[in-house]
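Given below, in the form of structure tokens, are the structures.
Two complexes come next, and they have one chain in common, chain A, joined by chain B in the first and chain C in the second.
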Partner chain A sequence: MAKKKNKEKTRIHFDTDWKYDPAPESVEHIKVNKQYEHYIGGSWKSPNEGKYFNTVNPASGKRLARIASGSTSDIDDAVAAARKAFGPWSALPGKERGKWLFKLARQIQERAREFAVIESLDGGKPIRESKAVDIPLAAAHFFYHAGWADKLTYAFPGRNPEPLGVAGQIIPWNFPLLMAAWKLAPALATGNTVVLKPAETTPLTALKLAELIDDLGFPPGVINIVTGAGDTGAALVQHPDIDKIAFTGSTDVGKEIQKSIAGTGKKLTLELGGKAANIILEDAAIDQAVEGIINGIYFNQGHVCCAGSRLLVQESIESKVIKKLKDRMSTLVIGDPLDKNTDIGAINSRAQLKTIQKYIELGAKEGGEIFQCEGSLPDGKGFWCKPTLFTGLAQSSTLVKEEIFGPVLAVQSFRTLEEALTKANNTPYGLSAGVWTDKGAKIFKMTTKLKAGIIWANTYNKFDPASPFGGYKESGFGREGGLHGLSAYVTF
Partner chain B sequence: MAEKKIKSTEIESSNGQVHASGRVLVDKTYKLYIGGAFPRTESGRYTPITLNDNSVVNICEGSRKDFREAVVVARKAQSGWSKRTAYNRGQILYRIAEMLEARHAQFVDLLEQIGSENPAGEVDASIDRIVHYAGWSDKYQQVFSTVNPVSGPYFNFSVPEPTGVVAIICPQHNPLLALITNLLAGVVSGNACILIIPPINGAVAITLAEVLHTSDLPGGVVNIITGSEAELVPHVSGHMDVNAVVYASDHQDILRLIQSESSANVKRVIARQYEDWSDAELEGPYLISDTVEIKTTWHPIGQ
Partner chain C sequence: MNPEKIESPTIDQVGVEERVAKLKSRSIKKDSKVHALKMAMSMIDLTTLSGDDTPGKVRQLCYKALHVHDAYPGLPTVAAVCVYPSMVKVAARHLEGSGIQVASVATSFPSGQSNLSLKLEETRYAVEEGASEIDMVISRGRFLAGDVQYVFDEIATVKEACGKAHLKVILETGELSTLDNVRRASDLAMHAGADFIKTSTGKIAPAATLPVTLVMLEAIRDYYYETGVKIGMKPAGGIRDSKTALQYLVTLRETLGNDWLSPDLFRFGASSLANDLLMQLEKQRTGRYQSADYFSLD
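Take a look at the complex of A and B:
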């Protein structure tokens, strides 16, 4: 006991003992207009119904800009522009089409810092993540797909791929620019034209992308961006002159879309929710696994469809892993998304914060034991949530079953690999999973039996344009990225 | 009928049920094929089908409960089937071709009985199509798998895996060839399938079940339900443990219903509508790819 007390004494409390000095990223050279219009047919168009909404900085609650709210008639205009552009764009030789995308990739790289800062301002994600993950990957997606534009016949042996036409693309708020890139790059490389609807709470980087497209002199109408909320998205889905819908978002909305386009002949890909199991076997490298758990669930405040939101840890190492996990959680820096030391930024919106808080209350009600690190949350009107974990939850509890989309981890234990597999697969979702073990044969036993589209073994939350991404079961269908992602945008 | 005693050779049958020698022929009872057994429909309903020789066969009118039972056994059988080696699956599927070739004449006769246009040609094409798909069992993976050059020290690869339980709604025309094409494209990758067959094709499909049954295909991998497409489709598309529906029949309103109701569990819906199922487009690996999922695995290199 004495020894234990001693250890407790030497623990550093990052909130009080050892505070980091502020290291905020400068916002001085960042240009954000007071108001943004739709980008349709190569020019900025005020919304036909004259309505706007605000996009706010979730770390302060303050308005960043007024954003055009898209109506059905705005969608009509955008689809008409995309249809007009489709003929010439699809007739362009692949080599030429590819060069436009290469140029786009380069421009994003050149403006990367501005994109990163705005991404963190508008979405609340730590600047470290915007800079290291979101923006470079977005550029990489365009660069990767640019090279496919003149090589498509090699992707489909024995067939002659043709573009579908006009694609309607609806993206979420968790990786705003990256999701735009995931959607736009394969659609454009294969010769389609696009109407993109960014998420209501994070439209800024897509609009900055429109500025960049405009500066590049991109052929007008090939990329159209209409901002708005769910109604705008619904108008896009229901538009009769759309050939393809690509949606990333919640499973509920995905199901509505699938239902609503029945019988229309529109092609569909869905990248929906997840409730991934991150499985730690007793022979795993535990310190690495703990880092993987942290990265799996607290990356981007847990606003990640493939987040490792269920931790399955083998019983023999359960207490050790949980202790180390709690220690590591205590070192996470929560605060200003623009600060380079920040690990956990702001929750994306007030509505999402409420959802997360509802789940945390539910977890306690359902008998779970909650752990949150010590220390206070930043002051002010921002939306904040501490990294949270729950132990002692039943397989049937809501926190084990439902996607929370926040920094909340549900911990369960298991004895045998079979039990781990049964628990991991016992979900309607099937987007991703993680496995940690030092034994190669065990890795493949687990990875081949997990019903999920992406499996990270001894790593987690890695993304790459060459790596296909997408789910099994109710996590959606179709792939984004890699050779496999191309088939979502072609017909034969 | 038998008011006076007569010899059997004197009996006449209106539809050829008595052989010229006077022997009364033994009919076949057509039932369903579920879990490697031939049960009657639990509903007890039937559709009488009059064949070209005027004989009447009773085809089971499968019910919602029959379909749900088939899903249970298909789910059970699927993991074992997909765990078989690709070589083993290929041999079993090739065996179906061997069995069908041996019964060539029987299927020509059956197709004639329901008025098919080119019975011998359809049986030939069906056998050859089985051989074609059997050969894909250990090859389609190499066509669709990739090692992905990610920007980092990771080994990253993508492979196709079977989607799971696949329901297939078969068309009325090309009774044997359409069935065979959709079935083989589904099971070759390790899916378990449930076929919905229009009653007019029931005799062909259930006789094919006998072929499948003697080909070492594990029970439950293929299940055949005869019955009304319009009645069964809502139960198929609304079922929460069916992963994909292949609609190979021709009714646009029913396709629309499937696409709509399949959203209940985000089913994959594949529409295959061909006037002529001997179309060369129906060979190759791409039909197989309709009912597989791409799984991507990451592992660090030397970290």
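Take a look at the complex of A and C:
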């Protein structure tokens, strides 16, 4: 049979009459107050300086609530409450602390839908991800650490683990409740008390968590939540009565924190930026690898510190992979974060959207070839960005070097495994990496030589509370999750 | 062509299952649901493949194929009626002029355990009796024994014997055991001349599954990229309700796009699916579920 070769016409047309109708998650059961105060010493406290800021829905640009802005004196109050609570809390038998954490975990599970909807309202992430990832994993972290609370002497055999005291914890806006869980659970399980500062653009789920803690009748002062922006965080970091700082956020801020507490004796863990290489070898299961690359970079609009933002593809399969990536990108549904069919939601904030747009312009200026899928973005005043792919970049291109924290993938090719390793490791960051190959031997060779804290093989963005998460180099130090995460909150 | 030289990528089963789980979570409501239900109806190969099939039974099935849309104005007809070769004549007579195709299984369906000349003879017989589509089975034993040349030649000669009739090649994925094998068999069938590739006979469990279908659709996509030729897909067996059918259509839409959303390139091998589609369409129209007794069982 004569089959004509006609490669030009072999495009897949995803535009069809069969559109998916809107399938929005109901918000009727959601209660968001007009205004939120700090949660200090077991009660809600208005900010001492009386200042508030707005948190907005990034899909509409509309205000969701007024949020208390924390001053130095609010931080003083919160640290004092945490210090007061530390004695009794750390003296509780581990079993009792475990019970509190189990209660918290169960409550998060029971109110999972409410948390998921608020997470998507406040942060712009697709409801599908909030429901499937953020909230269940947050509950899982509390469950996991609840189990350790009365087994600390088994976690550190032959040693005598003691809590550090008061922990100051600053969390980012990309996984608000999940990051709160990562920070709170190990600190509480080991007997520390906490002052937590959520990110200013996404404080709502942490404040909902405070409501839940209040409903449960948690011992006052064990968990204090002070909201605010960078200044509030700085006040917390610099407070003299803090024993430990745990920070997740940008590398720049991480460096500032490290400088400012140098010589104070405060313990520090930093989980900072990344520029992960996702490496796809020619013998990989290509369609599944393509899916993994899409998931690696476009998950949560690319607002993921461990996002696979650099794709290194072996030259022999480069054109095939890029074609498949483009076709796959064309099927991503962009729009209302609360729609069950949405794959790509809203960019978290106007400021972040500007940053991403700046990088996209820069990529084109530096000679990169841009691809974005066809179709229009949602109307209105929300913050939207199309999934973007750049080819034709060099190792020295800004888009290859710097963390963008948005849905922008930088594609490069390589020829040998050594070249892939060199390129992958040639970055100041070292948080995560991915390898896609059908050969076990290549997985071992690559993963032992990649300088990254988390390396996935033939999968990406898999998290488990038992598995330590953290980086090398300018991606920070210290681990969260597993025994390693626990050890960051004890002294011997 | 040397079938040993066909390059099939490996398949990662875990990755396939993850992708399928995502596709299954699409929420299809309101107008988009009605659109999809109608589309599914137009893609059905209404099937009866039993030892106790009689001309009377086949006549009933044809009547159903012709009148399934009486109760629901504007509903498309099913795509085909699929029967054994001995029943082709009956089906052809009743469906004449309706636009509904007559499909016949052939090549010692379902096991395929016979010799090639008999298979070719059976194929020609079915075509002569009036079948416009032939659903053949591959020799799974030969394939699993590594004799891909035999399977390739078998498909190619059956294709010749089909003449103008369309050829659907049944891989019987439930007997191929791995997704890697499903992918290799799909590539082999397409290169040998299949117009459609089809999952199952319906006689072996598991029959059609979403992971298997996704792998086959991806094979079709790669073949299209490579040659510009569009091969059709037919999952068969086990697709009994609308919800499952919609999951297949979502998978199709997001893998092969608009061009394949047509009975020319996608079929469901199913018998009870039609009634469930009707029931769901009535539910969409009236807001209520009707008793199953309102839908004739043929």
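To be clear about the criterion, the second predicted complex is superposed on the first by the 474 of 492 C-alpha atoms of A that agree within 3 Å, B and C clash if a C-alpha of one lies under 4 Å from a C-alpha of the other, contacts with A are read in each partner's own complex, and residues count from 1 in each chain.
The rule is simple: a residue touches a chain if its C-beta (ideal position, glycine included) is under 8 Å from a C-beta of that chain, and two chains touch if they have at least 3 such contacts.
Quantities reported herein were computed from a predicted structural model and do not represent experimental measurements.
In the superposition on chain A, contact of A:K358 is made with neither chain B nor chain C.
Shared-chain residue A:H484: touches chain B; no touch with chain C.
When the shared chain is aligned, no partner comes close enough to touch A:K51: not chain B, not chain C. When the two complexes are overlaid on their common chain A, residue A:N458 makes contact with chain B and with chain C alike.
Judged by the touch definition given at the top, the superposed model places A:I286 against chain C, while chain B stays out of reach. In the superposed model, A:Q258 lies in contact with chain B only, and not with chain C.
Residue contacts after overlaying the shared chain place A:K151 against neither chain B nor chain C.
In the superposed pair of complexes, A:D438 makes contact with chain C only, with no contact to chain B. In the superposition on chain A, chain A positions 458-459 are in contact with chain B in one complex as well as with chain C in the other.
For chain B in complex with chain A, the residues that touch the partner chain are 143-144, 146, 148-152, 154, 156, 158, 163, 243, 252-253, 255-266, 268, 284, 286, 293-300.
The part of chain A that touches chain B in the complex is made up of residues 140, 157-159, 251, 254-256, 258-259, 261-263, 270, 272, 428, 443, 447, 452-459, 462, 464, 466-470, 472-477, 479, 482-484, 492. On the chain A side of its complex with chain C, the touching residues are 1, 3-7, 9-10, 12-23, 128, 283-289, 291-292, 320, 323, 331, 340-341, 438, 458-459. Those residues of chain C lying in contact with chain A across their complex are 9-12, 14-16, 18-19, 25-33, 35-36, 39, 159, 193, 218, 221, 224-229, 249, 253-254, 256-259, 261.
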